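Listed next: structures, encoded as structure tokens.
Shared chain: subunit A. Partners: subunit B in the first complex, subunit C in the second.
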Partner chain A sequence: MHAVSRPLELRLLLPLVILVPLGFAVTHIAQTGVLDPGPMGVAVGYVGLMLGAHLALRLLGNQGDQLLLPCVATIGAIGIIMLNRLPQDLLGTDAFGVQFGMATTQLLWFAIGLSAMVLLAGRFRDDGILRHYKYTWALAGTLLLVITFLFGREVNGARLWIFLGPIGFQPGEAIKVVLVIFIAAYLAEKRTLLADASARFGPLKIPPLPYLLPMIAIFVIVMLVVVVSRDLGTALLFMGIFLTMLFVATGRRSYVLLGMLLFIAGSYVAYNLFGHVRVRVDNWIDPFADPSDRGYQTVQALYAFGRGGLFGEGLGQGLPTISGRLPIPALPTDFIFAAVAEELGLIGAFALLALVMCLVFRGLRTAMLARDDFSAMLAVGLTVSLGLQTLIIAAGNVKLVPLTGITFPFVSYGGSSLLACFVVVGLLLAISHRSVVDAQIEGRGP
Partner chain B sequence: MIATNVRRLAVYLVLAFASISGALVWWQVLDAQTLATRQDNPQVIATRRSLPRGSIFDSQGRLLASSVVTEGISRRTYVDPAFTHLIGYASLRFGATAVEQAWDDLLTGRTDPNPLRDVLNDILDRQPDPHDLTLTIDQRLQDFAAAQLGADRGAVVAIDPQTGAVLAMVSTPSYDATGFSGDPATAQAPFDAVAALPDNPFLDRSRQGHYTPGSIMKVLTAAAALDTGAITPQTTFPDQPREEVDGFVVSGFTIREHDLGNVAPALWDLSPALQVSSNIYFAHVGLELGADRYLDYARRFGFCEGLRIGSDGRGIAVAPSFVSTQVDGGCAPFRDDVELASAAFGQAAVSVTPLQMALLAATIANDGAVPQPFLVRDLRSHAAAPAAGPTSNILDTYGGGRGDPVISSQVAAQVRQAMVDAVSGPIGRLYAGPGDVTRFGISGVQTAGKTGTAERGPGLRPHSWFIGFGPAQAGALPSIAIAVIVEGGGTGTGHAAPIGGAVMAEWLKLIGS
Partner chain C sequence: MTGEVLRILLLVLQLGFLALLYLILVGFSRALLRDLRSAEVTQMASQSGIGKLQVVESIGDEPALGTTIALGPINSMGRNVNSTIFIDDDFVSGTHAMLTFRGRSWFIEDQGSTNGTYVNGHRIDRPVALSFGDELTIGRVRMRLER
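Coming up: the complex of A and B.
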């Protein structure tokens, strides 16, 4: 393990040294009207963390994809600038007798997440522990989920939180990674079997169920717990990840179609069964029917998009408060995309989506270059978890699908989500590193 | 194999991102303007708080409503409660109504009548200039009509039949909206105080009030029957004199005449039947006309659908009037001949707004064409000192129009003559005589009219109605058409007709001087 250079990564990270403090200064000046850049601690800390992560990757000799970290750092920069510009007492942590503001708390989680990422990227070399103990992982994950459901704390009508002292986290975020590992391991093992054998159900080719049963069983258990704990966004995300990975492993569109039909049928049942699902869907169909109560957030988000227009209101100049409160209560978590679109306009929203697409494409590239099926499936699953999560929450913001309470990766406020996303990137870097090294051994360039 | 599938996956992901981008384009560019002008948009609310607002003047330049911005809050003052319903209010707390709502974008300047300036304001992010409105209404006539109604519940609507200009539009009881059109923090109490008053002052009876019309409906029945040829002015019904006494049996149901007082039943044709207001005669006319043609003509006159006061897509809404049971906002078919015959003299399920009945009178006065009513005459640049009157810089003018004929001018003339007889004919004098303007100091002018006494059921005093127009003598061009209702006011003769006559006389005095 020797130090390597990552020149492209460094060059792409350097603009942030100027841009992040500039973003902080612009928002501060816009909000106070005084020509004073304001406190720079969080900005400096953020840039320092990113450069530190870069340095650590070099020292640990990771030769993985050099675009992943810059994409993440730039997406995260937009997030931390937005969060820093909002009232800091909105969210945050009150830990060990110290009051951390929203941006500071988020920065701390960035530090934790980046450490996890660096550790995985630098030290994680043997994937056997993931592959061989897939059922153990799956069961441990499911158990954690059940524990959360039984003993967790309820926030906003969903029991998703476990608190250890003052620090709360959402096990659902961890399950996401564990689930991907399990499905990847399972599919990599049974892939050829699944792709070749097939049963027929009328005109539809359906998966050979016996082979799939163990995986579906685990998946159904996870879905049940998620649905019962009312975490609709996560349910949708898990379903999407599952079907996408199934598609990549087998190349069968019919599997995906079948899964989607099942999901739609399930959603229909949920709509008729659960009041809170009905509220969400009705709000989605016509939020203006009840714009001051149930449709409030959705409607306010649409107004935010409208105010933003093509070029945006300008950093720090949008999001007019209504009697001292933010226009959208769940702005730092569920509606951060709307906030970005308002202040940076259509151009800024496009840029943010493009950055996520870039990240996703690098992830998919990592999958394509992977040396074995498990690594490839793992890389696909991890990448898709980021991509679909972005799509689901962004689509919810722009009213393409009903809004669900999941985070925008690297942008929304939320520690568990941030940590999980960095674990994903860390694993991608590890996979990428291995394929580069293997290719070098074989004497071919990547 | 996996690599191929990943490549295909990439395409799907790009499509998914593209659809989000498409939605973004929709909300941020294509639909942004619509979102930006929605009244519940917090930005609109925030901007309105401190936005100057144009003034509203009467037709003679008298100030009716104006705003001042103090302590960052736009506060509006309304001068005359007689105008409250038609001007409405612009409250930061409770939104805007009536003219304040329909012309809101022009009063605030959010829309500029000059499209080029509109675009420039948008691009340069300029604070828009407010604009002032001039109404078609002379405050003197409006106040006079309000004073005539006094403490009674009711409405007066007067229209210039030639142009459609609204000359008076009063609803009582009224209220003062100034109290809740200023600081939103202190608006609740004055609003609640009005809401707690008896007789629902918030209701604009002139365009939202629904009333049984009674005999004034016979004007529509006569016009429709004459125009279709179902009757002529000379048509008589041989059984009618007997039925005035014994009742007219329709499908087993006996229709009875109202109290004719000292008038002895005789074989009447149209004019005497209208003068004495014979229910039996008009029940026959309705049956001759038939249900389909009755509904057809009612629709031609504007019944069975919502109307607007205003033009070019800008105006205040008038509740639809119905000649039969209401279904989906329109008129249901008549259930049977009993309903049709009763509707023909304005009972059964007939339910009308005073504005619709003023339009009916105006149509007869306007040679059979339904004028398009309007009440905002022009838009001017904002007067810095509104108390001194409006500026002379007219930016836009609004008109209504004479409208399209719905009956022939010959039929209009026949109905007009019958309505003149109803006011000044030998029998008519007893009923609609108080609608004669000569009683109110106008000489040499005849008026046309019809009273209505709308039965509401046992124990309830009937609504008192009058519709009419003048001058109505042969060759004269009518300059005012009117509808008056006094809720529970008893007979049309006793209450509404004298108000109608007095208001028409006042108008003739105003335009004569």
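Coming up: the complex of A and C.
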């Protein structure tokens, strides 16, 4: 394992050396009204972490995609600037007798996430452990989910948290990755069988059920637990990932159609069965029916988008907190996109989405260049998980779909989510590295 | 007066921030474009086919270890020199197996060979659909199907 150079990655990372401190300074000046850049510890730490990750990838000899890290770093930069600009005592961790503010906590999670990413990208070479133990993975993931449901702590009506001492985490984020690994391994093995099946059910060609059953069984169990624990955003996300991967593996629209019909039926049942689903949907249809209570967050988010307009209120000049409280309670997590749109306007929000698109593009490119079906399916699933998550939460923010509580990848406050997203990028880097190395070996051959 | 100056300075800084953000985006788009162009060129150069076989184990020169065999839609494999994929190995039958591309997938079918055809170490007794990454063993030659 010898060191390599990653010149493009470095070149795209360097502007952050100016961007992040500039963002911190602007927000501080805008809020205090004095010409003083304010504390720069978090900004310097953030840029240092990203450059450190770049160096670590070089030293470990990863030759994978060079756009992934800069893309993630720029998306995360917008996030950390926004989080640093909000009152720091809102959320944060009080661990081991030390009080960490929101931005500092997030920075710590960035450090943990980047370490995981570098480790996967640099050391993960044999995917056999993922592919051959797929049922073990699926079982472990499901078990974790059930444990969370039984013993987890309820926050905001959804039981998603497990606390080990002072540190809480959301197992749902880990299960996202595990589920993708399982589906990828399963589909890579059975792909040809599924694609060539031709049993008929009315006008629809249906899959040969015996081959699909194990996958559907595990998927249904996961969905049930997720729905019962009221984590609807995650349920929607899982469904989207599952259908996309099935479509990519087989190229059959009928599967997707069937899945969507099932999903619509399921949504209808959930609407009638669960009160909290009804509240979400009613809020989506008309948030102004109850603007000061149930529709409050959605209405405030819409106002934020409206105030932002085309160019934004100006970084650091969004609506300040109302008597020490945020206008939108879930601003740092679910509504961070609304905050970005308010301060940077449509052009800022567009830049953020364009960066995510770039990330998705590179992920799909990694899948296309992958040498075997499992790596390709894994890359597709992981990429789609990031893209779809962004789509669902951004669409929820602008009231295009009912709001569901999931995070904006790399932007929202939240450790488990950040860690899971970095694991995804780490795996993508590992897959990408392998196809580059294989291509080189081939090129050298006789 | 100082308030006015500060406000203008802040505006300049805010615009600078957005400009820098877009400069970064331009950097990304240029990298993406360059990548797309080079992908186009390599694709035209290689006329990327439906698949290829990478020889991962072989005792002789035909096929030699490390070579890649480009595949057409129908490939006969065997010791017969007229085979599409000629395998010079005493353990291989004259017409050993057929490797065909149908619809979206590759299939391998044994042609009644003496020593059998193996997919990922398992001997096959009927046509078997292959995934990319699967390994074929014919005689003492092992090959991996790749795209």
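Here, the second predicted complex is superposed on the first by the 440 of 446 C-alpha atoms of A that agree within 3 Å, B and C clash if a C-alpha of one lies under 4 Å from a C-alpha of the other, contacts with A are read in each partner's own complex, and residues count from 1 in each chain.
The definition used in the following text is that a residue touches a chain if its C-beta (ideal position, glycine included) is under 8 Å from a C-beta of that chain, and two chains touch if they have at least 3 such contacts.
Here the structure is a predicted model, which means the values were calculated and not measured.
Peer 1: Have a look at subunit B and subunit C on subunit A after the superposition and call it: clash or fit.
Peer 2: In the superposition, subunit B and subunit C stay clear of each other.
Peer 1: On the A-aligned overlay, A:T74 touches which partner chain: subunit B = first, subunit C = second, or both, or neither?
Peer 2: Only subunit C; A:T74 stays clear of subunit B.
Peer 1: Who does A:G314 touch here: subunit B (first), subunit C (second), both, or neither?
Peer 2: second
Peer 1: So in the superposed three-chain picture, is A:V425 touching just subunit B, just subunit C, both, or none of them (first/second/both/neither)?
Peer 2: A:V425 sits against neither subunit B nor subunit C.
Peer 1: Quick check on the superposed pair: does A:A351 touch subunit B, subunit C, both, or neither? Answer first, second, both or neither.
Peer 2: second
Peer 1: Give the angle at the C-alpha centre of subunit A formed by the C-alpha centres of subunit B and subunit C in the superposed arrangement, rounded to the nearest 10 degrees.
Peer 2: 130
Peer 1: Tell me the contact category for A:D373 with respect to subunit B and subunit C: first, second, both or neither.
Peer 2: both
Peer 1: Return first, second, both or neither, reflecting whether A:G251 touches subunit B, subunit C, both chains, or no partner chain.
Peer 2: After superposing on A, A:G251 lies in contact with both subunit B and subunit C.
Peer 1: Between subunit B (first) and subunit C (second), which, if any, makes contact with A:F361: first, second, both or neither?
Peer 2: Both partners, subunit B and subunit C.
Peer 1: Rounded to the nearest angstrom, what is the minimum C-alpha distance from subunit B to subunit C in the superposition?
Peer 2: It is 6 Å, taken between the nearest C-alpha atoms.
Peer 1: Hey, what residues of subunit A end up touching subunit B and subunit C alike?
Peer 2: Residues 191, 195, 251, 361, 373, 376 of subunit A touch both subunit B and subunit C.
Peer 1: Would you pull the subunit A residues touching subunit C in the complex into a rising list?
Peer 2: Of all residues in subunit A, those touching subunit C are 8, 11-12, 15-16, 18-19, 22-23, 25-26, 29-30, 33-35, 66-67, 70-71, 74, 78, 188-189, 191-193, 195-196, 251, 311, 314-316, 344, 347-348, 351, 354-355, 358, 361, 365, 371-374, 376, 442, 445-446.
Peer 1: Along subunit A, where are the residues that touch subunit B in the complex?
Peer 2: Listed in rising order, the residues are 191, 195, 244, 247-251, 291-292, 299-300, 302-303, 305-310, 320, 322, 327, 341, 345-346, 349-350, 353, 356-357, 360-361, 364, 367-368, 373, 376-377, 380, 384, 387, 391, 394-395, 398-400.
Peer 1: Spell out the part of subunit C that touches subunit A in their complex, as residue ranges.
Peer 2: Residues 3, 6, 9-11, 13-14, 16-18, 20-25, 27-28, 31-32, 35, 54, 64, 66-68, 103-105, 129-133, 146-147 of subunit C touch subunit A in their complex.
Peer 1: For subunit B, which residues count as touching subunit A in their complex?
Peer 2: Touching subunit A from subunit B are residues 1-10, 13-14, 16-17, 19-21, 23-29, 31-32, 34-36, 38, 40-43, 45-46.
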